[in-house]
């Protein structure tokens, strides 16, 4: 197994450059990509301490990783995980929405759409090894994968309504790919966060792992079942099943972007974000 | 808590007037609406003895109650229940379909459509406290709510095929919001009525309550979880999820009405209703 | 109970003629149709030894049987089963796809579409008594029925990806009528075959029977519940529920045919079929 972020894939390394430049040191690059040359299983690790908040650069790193794997004939599967000991991803970075610059916030949302398209519609099989809390956008990333394995005593859910916001249609369809409509409606309207055990019971995750190493091992086991499946037949089967959600996004990126931009532009939303950030600062000052 | 049917909402009281005039006394008004001023939880009680058959006036009463709550900023949730000790609602009043006057039967069906639109698409969270049998149209009303709590040893279901009729598309989509397609197909084609325990097992209801008071208490507990959820985020989340069913109805009211009118107009249907009513009379005469 | 294939329905017998001519003797006709005159329950038995591979003639036999029952006012239900002791149906006959003649392969696929339309959209209630293995096309036939009863220790599933091919959209929607999307995606992408017990647990079948006689008895019991249901109300309820899948097929037969023809015409597919058939021959030679 070797790290291919720079060594093997110069085009990918170049694409990740802005991230690397910001990160200042090789250890703190935002997305780590390793490939097991023997099995063809890639591991994509989110690495934006402390909680993998999804800002533009982290999303760009994920997008380039997914697109790189899409072009990599050796890739037979991908595990998405986190370098944090307690958080998979805390969701969208609130700083991208607070007093946003028009160009950047547009690029931010468009990149999130593209990450979703690349991950939800990937050719290769995908597993989320959820080694920590996974609210909102973090939950969304895991729902794009085909299988979810989670460590004990964390929480997961699309809790947007609890934050006073509305999960976009594609967040909803991602959840409906995992749990029945009836459960999704209850979960989404109440913004419910599920414990690992509750998530297993309802089908929001598929397996529980004792720790991150166990989650990775179980992910590899899940992916190994596809070793004898023809990758093109598998890919077409997956894309046919996910067709209508993917097609909706492809046809409505502009509309969906405008809804988000207009939401973020509301004075009441900006005030609410300001309050939230002041609360965070006060906490940190203590 | 106070009764606001007349005192607080003159426009609502006026709308309910025809009902009240028919009902002759204040005690027998067809729909009772109370509001807990502290919690913002409204209770809508169907009160058309003996079995809450849904005739035009009862439907009009329900519609005005739902529309009134929609306009009421204080409303944070609604419980739908029945004043009968053994029946939630027996479903559509057969007298509305037997030898119907063209204008009235048209208004009857259109009002049923509007009740469905108002309840299935309400901004505020809704619970059915099902304190009695709930066949056909009674089951439909409960399925429009977001949560169902039922007292023991009653029955519930869309049993239209057992009556020789076909549940309209929106009855079906309401059921598909609660139970999986596979179960809904079996239930709908066989017109199956479920006992309280069977309904819980299949997901047609969410909780069992020991009696009406317990059902109301459990309903209030369910609704209380939304106290801290931003009502607009919640409303938009619900309406986005229910969008396609609501949109279908809005676009097909006329078509759906014509199907019903043409069904009721068939001589074979009228003969069958006549027979059914004669059977009822014979029973009552004994 | 009597066999009506020839005696009662000359038009049906005529339609089955090519089959009968090939089959050489009455005992080996490809589809047996019996009718219980008392209950109105028909039994359609696939009888193409050794494994009921679905070739053009077997499909034509099934189509004529289903169409005949559709026209038969006495028919109140149908049981689909197999004369083989260990196989329900092995799925599509690979010989129809290997070096195919253009006219025949076109008729083959069109007939499969028509069989699906006739069975998935039948007026009468349908049960599959699955008395043996049921992969791919065999599983599809059972999924078209409204209820599935299976004998122990067999396997069932849409295992197309394991064969390097892609289950068409209507295979997928048939499976989605039985099990939740989440389970269907896992099953279809991995081409998973389920044991009888696993199939019961996941909902791919509804009941387990000890043997074929028990499967038939249980099928009759399932169908008997419809004796008191008005057949037209039942039929319309079923067709309304299955409307969108049926409509898709009616509108896309040509497109779906072209996809299949172009798939079969690929040199790589022909080579793969050749290899597979050589493997079979080698096995038989041992």
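Order of writing sets the chain letters: A, B and C. Residues in each chain are counted from 1.
In the analysis below, a contact is a pair of C-beta atoms (placed from the backbone, for glycine too) under 8 Å apart; a residue touches a chain by one contact, two chains touch by 3 or more.
Chain labels with UniProt names: A, B, C = Enoyl-CoA delta isomerase 1, mitochondrial.
Worth saying up front: this structure is predicted, and the values here are computed from it rather than measured.
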Item checked: Same or different contact residues where chain B meets its copy chain A, judged by the half mark -> different
Next item on the list: Give me the rotation angle that lays the C-alpha atoms of chain A onto its copy chain C, rounded to the nearest 5 degrees.
Entry: 120
Margin query: Nearest whole angstrom, what separates the Cα centre of chain A from the Cα centre of chain B?
Written below: 41
Note to self: Residues touching two or more other chains, restricted to chain C: which are they?
What the structure shows: 180
Notebook entry, point to check: What residues on chain A touch chain C, complex-wise?
Noted result: 125, 146-147, 176-180, 203, 225-226, 228-230, 233-234, 236-238, 240-241
Item checked: Sites on chain C touched by chain A in the complex -> 160-167, 169, 172, 180-182, 184-186, 188-191
